[in-house]
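First comes the structure, then the notes that go with it.
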Amino acid sequence: MSDSAFLGMPAFPAAARAATGDAQLRHNLRKATHTIRDKRASVVGELDDWPVLRAAGAAIKDRTLRHLDTYLVRLEESVRAAGGTVHWAADAAEANRIVTGLVQATGETEVVKVKSMATQEIELNEALAEAGITAFETDLAELIVQLGDDHPSHILVPAIHRNRAEIREIFLRTMRDWGVPAPDDLTDDPRALAEAARVHLREKFLRAKVGVSGANFAVADTGTMVVLESEGNGRMCLTLPETLISVVGIEKIVPTWSDLEVFLQLLPRSSTGERMNPYTSTWTGVTPGDGPQDFHLVLLDNGRTDVLADTVGRQALRCIRCSACLNICPVYERAGGHAYGSVYPGPIGAILTPQLRGTSSELDASLPYASSLCGACYEVCPVAIDIPEVLVHLREQVVDGPGHRAEKAAMAAAGWVLDDEKRLGAAQRAASGARGLVPHTLPGPGSAWTDTRDVPEIPAESFRQWWRRRNKGRDKGGAE
Amino acid sequence: MRVALFVTCLNDTLFPRTGRAVVRLLERLGHEVVFPEAQTCCGQMHYNTGYRREAQKLAVRFVRTFGDADAVLAPSGSCAAMVRDNYRRLGAPGSRLAEEAAALAPRVYDLSELLVDVLGVTDVGAYFPHRVTYHPTCHGLRLLKLGDRPTRLLSAVRGLDLAELDGAAECCGFGGTFAMKNEAVSAAMGSDKARHVAATGAEVLCAVDNSCLMHIGGTLDRSRSGVAVLHLAEILASTEQEPARL
Amino acid sequence: MSGSRETVLAKVRAALADVDPAERAEDVAVPRGYARSHDMGDPVAVFVDRLVDYKALVRQVAAAELPGEVAAALERRGAERIVAPADLPAAWTADVGTGTALVPDDGLGVRELDTADGVLTGCAAAVAETGTIVCDGGAAQGRRAITLVPDYHLCVVRAEQIVGGVPEAVARLDPARPLTWISGPSATSDIELDRVEGVHGPRTLEVIIVGA
């Protein structure tokens, strides 16, 4: 995973601190995440078999992952049998090379794109630009990010950090540089903004010869690709061009067609909080007379096999990119997506990014700590990824690495004191003896607490001292 | 019933009045409380921060100290959840720690579970004439699944006026070392929680975990809100004769 | 060209060293106790409720009333040029007035589709619980582009095509065909996560349910 756009970003706590001070951002995020939370809760609550669907979703993904080699080969065979071509990419550079070559072979210099996390992860647009190929993002939120020369901050709604007034400003300022300009009298009514995007992109859809997509699911048995979307931009990109190139992570496989009966219920309800998203497209290879006649599937590893090798962290590969964990997360709501320094923000990003990229950078090593371990993410995850468990597991890896010297010393000291009740008792007596000396505002690392919170008073007597005193009194026949 | 009290290191050191309230409450209800003195800490802070080896040592000590108890009461939702939910991850499958932890886990209770499920009581004869709001805490809500046990206990307290807390299910932002490592986000979460608490008009915020209360209470105190924080045990122990100290 | 096929497969196999080689995929149990459809009442009524929720237009008619209703819908819309798949049953459009020209899809270009006022099709199946119509390119449906580019989609659904839940629909459909699952008009939630109907796909979806 390269994510060079995020190189040099500060560690999570510093970026998050800046975000918590941005009142507009906090307002935007709070409004959006609370809206979607409530919608999700309502449509999930409608299905009394949700726990079974969730368990089935997790199990289907586990089945796939534990036998991924078998399913990859099966998928390759079925896609080929249906008239598609299959490519394998070990990393981002190879995937970008393959896609660039395929576009160049068509002689085209423009592609239209369906929102895809995999192509963002490998920074395909940048790679294509270097080869003189312009990639037009067609999802509304992706368009907002692309026009605003911005970074995505959410998996489902990459421009969630922007409100309607900001979007209007971006459209008015930039659309003319990319094609059809926004109307001068554009208002910030979401309907008007959606209409401006429709008009702006229409021309691009109608002339596009090459489409680039990802896939939400790839069915091994049948070779069928599945894309869920809302706006119809996906259908445009998947249907109108002559050539279609789909870049798909190797973990996106489901074994059989009927397994979709589970995910087509789990994903829309968890993601947009709808009973069903407006459009789902499925295609199997090529269909004469209907849609692209040249289909290429690029299977992407790019660190996924490293995640697969970790028996605790492996469950992160079940992820179906619904964003429910972001929308419920109190840390995401306040820190915003950019603080996570990756195309995968929020709780899932905090466990996926350090596994895909490693924890050698300060930013990546800080991600497993970007959580209060409140467990809300695990509760809403439609494929039951125990995100807190993986966070703690990754913290253990960070602790086993270099750095954190002061913390390690403090933890070792605390461990030593707590490993013996007599040492603990002695430490409590020492603290009680010094209780009058503790100031309200602590210096150094302690200020991280006292900048915003008062410290509790240290009691004159620990519980254990009280218990002894009480029992001594009782032995002598006295009262408490 | 004979109840082994795991008071927790935080309560032992900083909030002994919660431990004393538990003892007073259970003895008032006719039960015996024992305090195995070899106890120290469940290892939650070490485990959650990534210090597995230190956590393992403390888990071994806990299992050794409490292994024979009929019922272990941990008046801290997160510590009870640590023992019940995380000890199984600390020992390798089939190891002695894993087996002993699995055997002990069903006998470890939070206070509301012990009272409602084991001792079969919701009206503990308490008196607390104040407006109270209840924060469910993440571990109590999502790992222990305490449900309405604590609020059923509170509703049965004479004189108590229970106010509903907006955004109750949302984390207060404590999260152990999270409060220090990500102090800005932690403080932002804490101030939102404190704002919701203040909006209830309650005089007292109640929870089953003093670590969360230390964080929210510290935030409330800093803003001079005048809202006191009390562990559930202290409210349930409160009577006309011996009222809880606000 | 296969790129790094062997490299990736070797890394996958190495990563799965903990999986017993004797384990078969079917050994990983998948609980299948979820519902084929949920008990939400009369499927047609539920289907109508969901379509209305999506802000689609819905009419229910007896079979004999279909031609009249198709004509009325197109007249309400003021549609002058309506694309139709080549195999659309002639009876459906028997009452269409002279104000509307039917344009059979004999491989229309995207520009021609873009200037049409709408499209009239049938469907392969429909899902009550989710308010979904599925087109598979089969009878009376045509290729995918014709239900995508025009701004208005008039779709005829026979009552017996409506199943209760998603699993029942998945079982009915043939994955070898290109499928489009349509749940209401195109929409977006990308601005402040507020749903707005009408983006790139047809901004108006009208459904006529026959034989309810």
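Quick notes on this one:
Chains here go by letter, A, B and C, matching the order in which they are written, and residues are numbered from 1 within each.
As a working rule, a residue touches a chain if its C-beta (ideal position, glycine included) is under 8 Å from a C-beta of that chain, and two chains touch if they have at least 3 such contacts.
All figures in this text were calculated on a predicted structure; none of them were measured in a lab.
The interface with the greater number of C-beta contacts, when A-C is set against A-B, is A-C. Here the chain at the heart of the structure, going by C-alpha means, is A.
Chain centres were defined as the mean of their Cα atoms; on that basis the chain farthest from subunit C turns out to be B. If you average the CA atoms of subunit B and of subunit C, the two centres end up 52 Å from each other. Distance between chain centres (mean CA atoms), subunit A to subunit C: 29 Å. Mean C-alpha position of subunit A lies 32 Å from that of subunit B. Contact of a single residue of subunit B with at least two other chains is seen at no position. Of all residues in subunit C, none touches 2 or more other chains. Shown for subunit A are the residues in touch with two or more other chains, of which there are none. Within the complex formed with subunit C, the residues of subunit A that make contact are 28, 31-33, 35-36, 46-49, 52-53, 55-56, 59-60, 62-63, 66-73, 76, 82, 86-90, 94, 98, 138-141, 144, 157, 159-160, 163-164, 167, 190-191, 193-195, 197-198, 201-202, 205-206, 219, 222, 224, 230-233, 235-236, 239-240, 250, 255, 257-258, 260-262, 264-265, 268, 272, 274-284, 287, 289-291, 299, 301, 305-306, 308-309, 311. Residue ranges on subunit C touching subunit A, taken from their complex, read 1-5, 7-9, 11-19, 23-26, 28-35, 38, 50, 54, 107, 110-111, 114, 127, 129-132, 137, 143-145, 148-149, 166-167, 170-171, 175-196, 198-202. Only residues 12-13, 16-17, 20-21, 26, 330-331, 334-335, 368-376, 378-379, 389, 392, 394-399, 407-408, 411-412, 414-415, 418-421, 424, 427-428, 431, 445, 448-449, 451-456, 458-459, 461-467 of subunit A touch subunit B when the two sit together in their complex. Per the touch definition, subunit B reaches subunit A in the complex via residues 7, 9, 11-17, 19-20, 35, 37-41, 43, 45-52, 54, 57-58, 61, 89, 138-139, 142-143, 169-171, 173-191, 214-215, 217-219, 221-222.
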